[in-house]
């Protein structure tokens, strides 16, 4: 790895994660100043040269999403005007990803809009983790390396899980991700399925798959308000599952009353990554899995022009132990 | 409607549909020549002026998909170079739509590629029907009006359906469309769900929802080889459904052995639209629903700069009878 | 004016101003929903059709600047995808305008970046008021109509000013704007000039022009923290000006301790426009001049495809009274 | 040459040629899968990493031209999304090249359209052979290296030609190419010239240049239906040429009745390259000249950042023997 | 024709022609200022509003070509920034058109470069006359209406021509244009053909077609130095033509010694258009044909959104008398 | 520095400067042909390969500005089509820079237009010296390295200056540059300030800062007609300055009567750089400072991917002697 040829900068959303990545790559992050003018406008300055270097900008676009997004754009603009060779946005949590379709007629497609904006500023490569929908890659013309934290989460959760666990997708949309977990854990999958009964307007959650007397691992790509998970817990318990429920999700937003909703006695452990910085020192159920090893491994392959194909191989070995 | 301000041309895939649309708009389609040179290259010529006119190019990109696609591009290029005011591609069946994600690492996203190509040639507006994934709109910067044939298919199938029918989605991906049908038909939904059992590699189809002693309407966005439908029939019958099964799908590709697979004695009727031209005069189970009324109604609103919001209102009336 | 051919929407920064504009144009603003998801992401929905219509999006990108900017982009994206004929961003206060050059080496040019982003989303026309630097128009390829509130502010301030007033530019950069005021008021101009004395690092403010025993009108394009104005007051009083000082500025940001700094006994009145919504009911010195008449007059000319050349003519008449 | 820095993939049109090229460069072609879904849609997958590598996609866009074109685009899209450093399309036979102007009013310029499409997908460099019109390079913004097979064809045909041969251009358009052959062969040129006689509608072929009692070499850039060549043979014999006629053309399309038309007793040999794969084992008159040495030599220079200026020097030496 | 909806401006190259066009359209040209700063930089100002209007910029890019080109770009930039609805560049003589291919390896394609530049500034439509190569249209994405002055020149020259005249193309490249003339004049065509004799380096001009005892009309798209025409005269006389030679060319550049070279006693008349302003009051052989009727007729059709298909019909009637 | 990886070409405006730069880099400039066709069109040919090389095109766009601009574009187009790796335009004097705003309503922004045009042709990097306005960088998306000749001019002028010199900005716009000079020379700054007196139309020049009995150094970015400098001299002498005046400006255009205007007895020396080639062998007051050392130092850093941050450090040392 040619140290002098690349540099990692961090926006204000992802300082710790970027530093961790850099450390694993035996570097330090590039010094840069990200500050606010008194009126709230963002001011950015790179304190190290980027001319002719591959730049990696690490910034999750989590809340406050618009500030983090504009900050990332400003960093990219500074890199472009300063003759960076390439500008890779490492966006572990990609804000607006759930707005991948029009929420209604005459609405924007915010995720596609963000993609346009990023490309217009000269970002040349996107790295992200567990993107909400795979189709989002098609919003970009530039390469998108969409990594998954599932192996890392599996690795973290595995030791805690009782035997006979079932993997549960809390809605149809995560069925594929649940299957992924199940493959690593060699466990069966159940899905919670909400359908409308004839003649009523209420959606009834149906549990598909056998969870009877099993402990469960509910998985999701992100936890926002915790409502989906809470509903799933109710459905599982009603379906006869053992009150030993674990939750794994890549992105922990924990918005509003999320923590309260997730403080159910049946929930024994919650596993999220640090795609969004977590600071809940007193929340014992919460386990935070570091993304830096995954992202650093990806960067190592980028530097060496290698494929990401074997990125999760070491996990497989761990998995098959 | 100002007749002289717009013109409808048809590529070779959609001649009948375009003519039907034009007739409903009290027009005839624009004369144009689409032919092949001896070496197979496409040659196109517009026999009527398009200067300053809004042009509607009607062309499904069904098989042979690449020929139909290049033909559409050639028509658009001719319009652009001849000073058309706008170029709307009316693509009732949008080829490559299922390639909306990478099928594997280091694969193209063909649907996004097609979107890039269409836009690079100067197409300014897309109209399509029952797009495989709503995210595909985000592949475009230009407006995409994504219509649905569900109300029209419901209208056609309604009279044939026995009472107590259940609407069945043959996999998770069509759950939303099935709910749409169910809403119109005031019927319950069932979903066929394929999951892997622990320790095996075979996927087992589970039926979610009650079809016991019910006739069923299997719905889908498209029927290609017929395999998915055939599997669904098996699962339904095994699940106790009555052997009175109907199938409704927007796009009837009927590839390979499709017709044979769909000639199951329990299948009482198959309903598709003419998004792809159907010519099976001897296939009595097949009912073809015309898209021209829907597309003509949309065009009328485009001409009047009106919203499409009430496009399906007349169907609602029919629906509530 | 064809009412049905255009529609004015307002983002959350400029609701009152947009409503005022619409009222003057004998319209109401278009209904649209601008809300936040629980995680802070912006959700936008146009409740009225825009197909084939010229849309005017009124949104100052004042604080919180990034939220207001992304909101404007989301509205524009919704318009583009819904077949608006044109999308004019009416941005009375243009955030990031002071970042029109690199603040240091390896910094972004934020104003140029914002211009790129706006154009990438399909905005087709910009209307703004008293842009910080005229060069900013060159950041755009699309037309920029850069209006001035100076005549309106002159009209408002004129009645309050004692005789013999001098117009004062608080630094070199606003000299041209001060001359503009002076031309309308038929008054002399003074400039405050900060230069470094040989051998020292402190900048000394020199007053250029005669203010001896004169009341003064300090002008500026914007008031942020109020520091520049406060320094100018000190310099004027030291230069022998009468303690009858008026302040006129197009944009009133009033950041931080601004109000305190401007509560100097010599300051008899402060005039700003409502480019940024002002709500200081108890600040008697503050006079707010409405921009809606200016913006509505501009829109009337846009609708009639007329030049803006005579936009300020009525002010000239007032001015010559 | 750094082996690991570049990779050659072949589309389905040019497998043998690409393999030959790779062999000469002491490589093998990159493994990739190009297949069809049951409905005819193309599916592509690169089985080897391309990250950071210069990719050469070898694909003539010969018949079926649209399939080969879309395949090439799909390969390029896969490369772009997989972080290839550069994407060179090696298109020995460039389909649609004869549509370099509008065939009539309100027609496309298909060759320009293809150029737009290729560039929109991220192809960064074009290599082609004996392009129909030099102006086509101007349809591209990216570099186009337009090679010529004339020296290679001269080398192949030289040994077969009787003395006193005349080089014949079958129409005005190939006059320059005929002169090129003549320069290498040190032979005189004749041109067949079709002009309309006053008062008639038939074009009369006039032979310009002396072929009396001479054997002839008719040259062309491509042979499609063979009609042009057949007409030329007639004109030559009528003009007193010896019935010893040879034909050389870069691209052998042999469409329709081409082989029959070219089976004239006076035609002693036909020389084409393998820009289009030839498989006529029983056609003794046909000689196929390999393009791989030329293309491999060009690639060697690309790899070394060398000029192509001396690409044909070895031919000159051969030529002067 | 809605007068207020369009406006014709003229650059400094084409003032008389533009005024003539405007007069025929019962308008006057738009007032605009085109001047030079003392250092030679161009300064442009439109004295009339263009907002929402279709603008026609009439400017041949003849010598001094770069000044005329930049002037045209500056006019277009002014129109774009002032909200013109569309910007049509009417470029009767298109400079750099002969640089439609690379003159040598590592040379620009100047005509393609000019096309890129024009499009980058927002020109939306090109109108030109007798473009050097039809392929040049493919350099543009915007519509190009390439008119021909041949019918107008035929109309002008017809009365002067003796009977039995032959139309002569002075080289292969103009053969098609000569046939066009011949069709209108119902005359035979001859071509002058330069080929290299075996073993020599001199090109020998061969005359193809019968001119024996005939008066001749040499045609060309442009006359630059007059060398080509002078050579043609020599070849014709040597070939037995009567010393009654006429010359017709669309564009009269008359560079260097052109007038001297064309003052051959056999040349009885020279016909060019005013695509380039001609001012040779004492050159009796020179006849100047006005392009304004042709261009005004085209504009009339543009205004009415009509095809140009019948643009030359009145000429046909004249032609068939 | 890898010699073979880059090449410096010069347009006809900057031959000597480019050769000087190349010499300092121990190279020679690339051979290229820049000539005119008889009709004035520019013809360009690179006589050396550029494939895969970083190209530096040195060309001031001084008078004749349009010819020099189009020449630069043609060189860039040739580089792009010949596979140059990057194309840096080194434009020491950037023509049209003073047109960085609209000179009036409905005028172009010529500097922004030039920026668009340069980028449309594929220029990837701009290097220039003492740009008229820093905002111009924002007209580009590509990196702009805007160097300053102030340290070099200071170094040259320092030995000639008497003690007690004051640095004088001839108008407000150059105040920042004057402060820069003053910082290097440790001298006080004065500014000449033109303001309108109440009731008059004449602008009165006021001198701000103390020049009494001091020699003066008037500075400016460029000297065009010399009028501004001549006015400043008058104001200084009237203000009591010693008749020992020096003038330093980066760009010496010397248009029209400039030399006469600058031949004032009080002007003891004029210092300009060779950004524009100077050839006034008999003008003893004129001192020409070479830019090649600055530009070569910048190129050395570009080659080494180093920051320009320390580019002027050696000057600082000189400055502190």
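For reference, chains read A, B, C, D, E and F in written order, and residue numbers begin at 1 within each chain.
The rule is simple: a residue touches a chain if its C-beta (ideal position, glycine included) is under 8 Å from a C-beta of that chain, and two chains touch if they have at least 3 such contacts.
Nothing here was measured: the structure is a model prediction, and the numbers come from that model.
Chemist: What chains do subunit A and subunit C have as common neighbours?
Modeler: Touching subunit A as well as subunit C, we find B, F.
Chemist: Using the contact definition given at the top, which chains are in touch with both subunit B and subunit E?
Modeler: C, D
Chemist: Quote the value, from 0 to 180 degrees and to the nearest 5, of the angle by which the CA atoms of subunit A must be rotated to coincide with those of subunit F.
Modeler: 120
Chemist: Of the chain pairs A-B and A-D, which one is connected by the greater count of C-beta contacts?
Modeler: Counting C-beta pairs in contact, A-B comes out ahead.
Chemist: Report the inter-centroid distance (CA atoms only) between subunit E and subunit F in whole Å.
Modeler: Distance between chain centres, rounded to whole Å: 40 Å.
Chemist: Could you give the separation in Å between the centres of subunit D and subunit E, each centre being the mean of its C-alpha atoms?
Modeler: Centres of subunit D and subunit E (C-alpha means) sit 34 Å apart.
Chemist: What's the distance between the Cα centroids of subunit D and subunit F, rounded to whole Å?
Modeler: For subunit D versus subunit F, the centre distance works out to 50 Å.
Chemist: Please tell me the distance, in whole Å, between the geometric centres of subunit B and subunit F computed from their C-alpha atoms.
Modeler: Going by mean C-alpha positions, subunit B sits 63 Å from subunit F.
Chemist: Specify, in ascending order, the residues of subunit E that touch 2 or more different other chains.
Modeler: As it turns out, subunit E has residues touching two or more other chains at 49, 81-82, 102, 105-106, 109, 112, 116, 137, 141, 307, 309.
Chemist: When you check every pair of chains, which ones turn out to touch?
Modeler: A-B, A-C, A-D, A-F, B-C, B-D, B-E, C-E, C-F, D-E, D-F, E-F
Chemist: For subunit A, which residues count as touching subunit F in their complex?
Modeler: It is residues 49, 51-53, 80-83, 122 of subunit A that touch subunit F.
Chemist: Within their complex, state which residues of subunit B touch subunit A.
Modeler: 100-102, 105-106, 109, 111-112, 115-116, 133-139, 141, 172, 175, 179, 182-183, 186-189, 191, 193, 195-199, 206, 208-209, 307-309
Chemist: Using the touch definition up top, name the residues of subunit E that touch subunit B in the complex.
Modeler: Checking each residue of subunit E against subunit B gives 125, 137, 141, 143-145, 301-302, 305-307, 309.
Chemist: Tell me, which parts of subunit D touch subunit B in their complex?
Modeler: 38-47, 49-50, 62-67, 69-70, 73-75, 77-78, 81-82, 95-96, 98-99, 102-110, 112-113, 116-117, 119-121, 224-225, 253, 255-256
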